[in-house]
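Per-chain numbering from 1; labels A, B, C and D assigned in written order.
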Amino acid sequence: MSMNSFGHLFRVTTWGESHGPALGATVDGCPPGVAVDEAMLQHWLDKRKPGQNKFTTQRREPDAVRILSGVFEGQTTGTPIQLMIENTDQRSKDYSEIAEKFRPGHADITYWQKYGIRDYRGGGRSSARETAARVAAGGVARAALDALVPGIAITGYMVQIGPHKVDRDRFDAAQIEQNPFWTPDAVAATEWAEYLDGLRKSGNSVGAVVEVVAKGLPAGLGAPIYGKLDTDLAAAMMSINAVKGVEIGEGMAAAELTGEENADEIFMGNDGQPVYSSNHAGGILGGISTGQDVVVRFAVKPTSSILKTRQTITKSGDASEIITKGRHDPCVGIRAVPVGEAMMACVLLDHVLLHRGQIGGNRGAIG
Amino acid sequence: MSMNSFGHLFRVTTWGESHGPALGATVDGCPPGVAVDEAMLQHWLDKRKPGQNKFTTQRREPDAVRILSGVFEGQTTGTPIQLMIENTDQRSKDYSEIAEKFRPGHADITYWQKYGIRDYRGGGRSSARETAARVAAGGVARAALDALVPGIAITGYMVQIGPHKVDRDRFDAAQIEQNPFWTPDAVAATEWAEYLDGLRKSGNSVGAVVEVVAKGLPAGLGAPIYGKLDTDLAAAMMSINAVKGVEIGEGMAAAELTGEENADEIFMGNDGQPVYSSNHAGGILGGISTGQDVVVRFAVKPTSSILKTRQTITKSGDASEIITKGRHDPCVGIRAVPVGEAMMACVLLDHVLLHRGQIGGNRGAIG
Amino acid sequence: MSMNSFGHLFRVTTWGESHGPALGATVDGCPPGVAVDEAMLQHWLDKRKPGQNKFTTQRREPDAVRILSGVFEGQTTGTPIQLMIENTDQRSKDYSEIAEKFRPGHADITYWQKYGIRDYRGGGRSSARETAARVAAGGVARAALDALVPGIAITGYMVQIGPHKVDRDRFDAAQIEQNPFWTPDAVAATEWAEYLDGLRKSGNSVGAVVEVVAKGLPAGLGAPIYGKLDTDLAAAMMSINAVKGVEIGEGMAAAELTGEENADEIFMGNDGQPVYSSNHAGGILGGISTGQDVVVRFAVKPTSSILKTRQTITKSGDASEIITKGRHDPCVGIRAVPVGEAMMACVLLDHVLLHRGQIGGNRGAIG
Amino acid sequence: MSMNSFGHLFRVTTWGESHGPALGATVDGCPPGVAVDEAMLQHWLDKRKPGQNKFTTQRREPDAVRILSGVFEGQTTGTPIQLMIENTDQRSKDYSEIAEKFRPGHADITYWQKYGIRDYRGGGRSSARETAARVAAGGVARAALDALVPGIAITGYMVQIGPHKVDRDRFDAAQIEQNPFWTPDAVAATEWAEYLDGLRKSGNSVGAVVEVVAKGLPAGLGAPIYGKLDTDLAAAMMSINAVKGVEIGEGMAAAELTGEENADEIFMGNDGQPVYSSNHAGGILGGISTGQDVVVRFAVKPTSSILKTRQTITKSGDASEIITKGRHDPCVGIRAVPVGEAMMACVLLDHVLLHRGQIGGNRGAIG
């Protein structure tokens, strides 16, 4: 089946290589009558766009998205939406060495072992450039969610870079757009800048942790047992390049809690909806949303393209060593923030549509 | 689509509630000619079976699996394999209170909010009993893997319970079958027994971390971009009841590594296959297996059915409190070990079949 | 993927062999709150049940269906519904010869060539007995449709047996339940009885054409381009054993019409809904329902198990001949009538749920 | 799920409207290492291209296909192949009237009723132009089939136009490329030209029957019960615009045969493969290929855009009449021939990959 697609009713198929003529996303299953235009999608792509500061790759391209189908007179028609982004700044020469050698920690070797052929230019299909298509598709998902779930808000931000975590007591949402790391902790932003600058100058890179939160969701989203909301979110985030771990709510730390500590107590709110004393569950119980904030975190490993010499082998199996020159992110986790938001938007829209289809949306009131 | 199914070519659909007449798994896409019988599957079910020691629920049932279709004269025929386990020890009366009240931290409330009706007996569909069907299906997957990938070995074990982690220096695979926690650290096993006994007596529960490792895999398994091996493993593990986090290789700790530290250096082995200086990647690069051990960890939250009083509400929305009597696991993570193994087996078989179908299995040699 | 499943949101997986312990259907995606019980499903199974008259196989079994999951206190819960039918009258000895020889016109040889193993008893998985599971699942679909689309009516009947067609001028729906052929033409029923009796006595068999009509559908059902309502109906009917052709509306005869003749003219009805001057389209335009009757026909080939001597080969490739003794249908098309109704019900429910999920059901009014 | 996609392992998603900037196909699951280039695909598109003679629409465009991804240095890489065809000759003004009125027999009204919005220009998504994307994707499928099943040949041709059928005794494959109808009967070609010219001048249109045959297939392709080879072929052909009926082998005529007549007798061939005395089955038994020619026929209804006045209604529900001016096919069935071939190629490749994945391709020898 389609291994380059995700989603059930709202289904996104991304295509394209880093240095081919173009890449994009085929978006199927978007409801009709949603206001969508290129400017709206460009807003999200610009957020992800490389070359905006010294902490992201200096590759510079407009990443301009074109809508080729599925939108008529400013509204979606319910037919497939084709989103295309042309590759304009390719500099293939930068990548000649990796045609023969495999970068340690990179997908070079496994793509070769699986397919026996690969477009090695800039990582080809395994390049983080593929995530531009996700962000464009996420823009469509956001537009549809705004129409179907008024008041929903999806926000991503960095909570850790290397060993340095944010101080939750300094959490200030207003700061997120004010620094190159999309972090809510202004103090951390200053410290990280210095830390990352040193790494960058030394030709090294580092990992990060991104958190994405969705507010304003209704209860009841998620399809047990194998289409749980957290199952789909885990798959969506783990499918992002370089992600090695995914957490919902307490995440791995849930192991350290007792049942007494972990059980979010339930009360009735003034609006007749249940409220909870805490949110260890990250807004999901039994794979279904509770109506609380949905909280997801994922860890991004450090960029494997670095200026440090590493031992490797060639396609012929000969021992060699490699230094990856060219333009790279000292912390690819930074650009993963808008990608995580996009994946959250796609998964949530999908489950809104699934719930509407299978349940009808008019059941399960309390009281 | 089928939200109670997982897998692409090897597809498992589980069905059944905790206190219905039976539960089971419909297994579709198993290759023909694989030797399978009920005793073979029962071996894995017995490993998961409750009531084996004081650290798991005292509910006692044989969990005897019957093969109703798809196996003829001891071999799979390539047609659907129906695996049925009858529920024999139900004691519905134990569960009468939760018909009206929602257990904090449990799926009671979200199932109600989504469906407007639920089989509340023993948690119904959201009960951990559903995992018995996964273990049975995993037994079929193991049998097929043994036939297709001779020498493959899948082993799960506990590495943390509450705040107490194993000491990796004391790792001894031979210990895993020797203690009620399936832990490779004999010293930890002793300490955990005392710790957990105290929790059990106080009517409390605690979380845990389970690690599952697959050895002897070929390189090349995994289907980028959205059917990556790690994506499917993350979804499979996150779909297990009570799981809140999933890690591949370094997992969340990858955030703290530099590119230099994280890049597993590559050399040629004597057998003409690549070997690596380390396995930070957990055996997966770009979503495709490297041939190293595939290493997955997941965190299981504490059981929410506890003897501690918690604040909650009723179906009518009235404030109330609840103490869950009855037979419960102080650490449901223990029984999650064979479940994690089963999910690993199903995902790996699925990707072996996918690779054979889409690539043909004869490409990508190095040297 | 699951090759024994059909449907998108309402997904049915059938399992089981003719002479195994049982067969059944795993029904996933049924909305919650639908009144379903075993008696309701048994009604449809009894209609299909063999041995009711001399024109169907004399194999006699109750074909009693059991609901093992997904229904609680008489209502569906939104979780998988497991429907099991035990095989009670098996007489394996009747089928010993076909273990070695392939019946011409039967799936014996292709199952062997594909799988290299087959449960040859009674045709195993390729037996028409599999359709009992479809009829049970169709009963669930009918119950859900009645709840979601009040007034919908699905009726199947025979319009041709061998060379003998019904006279449309004698069409009387009241006759359908009055004869062993479920034909609306009482005169044909009498003629067919004599004709078929002769064939039966001579040990021969014959084909038939079945028509299934759905009345009372809303406009707008169907999901272009590849999930069209007619596409899914064609697949559903062609998947029934022995079906070799499927028609929508005019069907193959559409080739003979001019554009002027074929274009069903459109007018407004008194109820503010469009009405049409004719229904050449069979209620479907561009893969989407028009609100007219949906009309599907399919041809069933003659039973290949006959008492006539035919040339064949053995598993060893030796020339041989075969006469299939045992209990067989002179016209398997008769029992295909309730099966066609069941497939229609499943496809329609699926598209009602899809439309509700992707469109929301509140668009596209005319005037 | 993706309603604009078809196929299991080889999955094609088409996108685009008749008068948007472009349309195309996203092709996922093509094996790596297959030689593919634009010229190879253009060959098949040119065969379908309109405006080649007076019997097809005079709309003239190059229909030039561009490969945007998935092919590197002339070979497929196993990643998604994006095929784009730009729309160059659009003349939107020709289509202004149908913005308000619904053409009888056309999808205009149902798209409006389903989506509440439609790109009415040239039929938008429901235009036969969408089939250009299928033909491009079919070209990729043909290339992969040639590599995997050497000697396979897929040929489509017209066997009926209006009431006029070919004479099977005059069947001459060499004639197919020699006339504008792709018919194997030279005499029919002459008669049809005169007949169709008269229809064209009167502003009318007519239906047709297309037959597509695949030679050189192995036995064993097809995935019972719901992914049968004939099931998937029926769905593929019924999904083509204007198709109202699909037949395999004897098709609807199977109803008139006795079991004795229908049973293709089996013998052993000199090459150790089974041979058959006839092919009533159309090369498929129990949904699995026998190794004989796979024979599929489908009926195409007449074009609904005609110069004859028909009664209809407007979007406002007012009575009206319509004459569709502009450039149309007097027999759209002609251009359906290469489309039918393309669908056959896609379905067969898909089942070759499925068989390889689930069975491994090395079982089921006879003798």
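Here is the rule we use: a residue touches a chain if its C-beta (ideal position, glycine included) is under 8 Å from a C-beta of that chain, and two chains touch if they have at least 3 such contacts.
Keep in mind that this is a model prediction, so the values were computed, not measured.
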* If you tally the C-beta contacts, which comes out ahead, A-D or A-C? -> A-D
* Asked: Of the other chains, whose C-alpha centre is the longest way from the centre of chain A?
  -> C
* Could you tell me the distance, in whole angstrom, between the mean C-alpha positions of chain A and chain C? => 45
* **Centre-to-centre distance between chain B and chain A (centres being mean Cα positions), rounded to whole Å** => 26
* Measuring from the mean C-alpha position of chain A to the mean C-alpha position of chain D, what distance in angstrom results? -> 39
* Asked: Residues of chain B touching 2+ other chains?
  -> 1, 3-5, 8-9, 14, 29, 32-33, 78-79, 114-117, 125, 224, 354, 358-359, 363
* Structure fact -> Contacts from chain D onto chain B in the complex sit at residues 1, 9, 29, 31-33, 78-79, 224, 353-354, 356-360, 363
* Tell me, which parts of chain A touch chain B in their complex? -> 1, 3-6, 8, 14, 102-107, 109-117, 125-126, 130, 160-163, 199, 204-209, 219-228, 230-235, 237-239, 241, 244-268, 272, 274, 277, 280-282, 284-291, 297, 299-306, 308, 310-313, 315-319, 333, 354-355, 358-359, 363-367
* Structure fact -> Touching chain D in the complex, chain A uses residues 1-5, 7-9, 11, 13-17, 20-24, 26, 28-29, 32-33, 66, 68-70, 72, 75, 77-82, 84, 114-119, 124-125
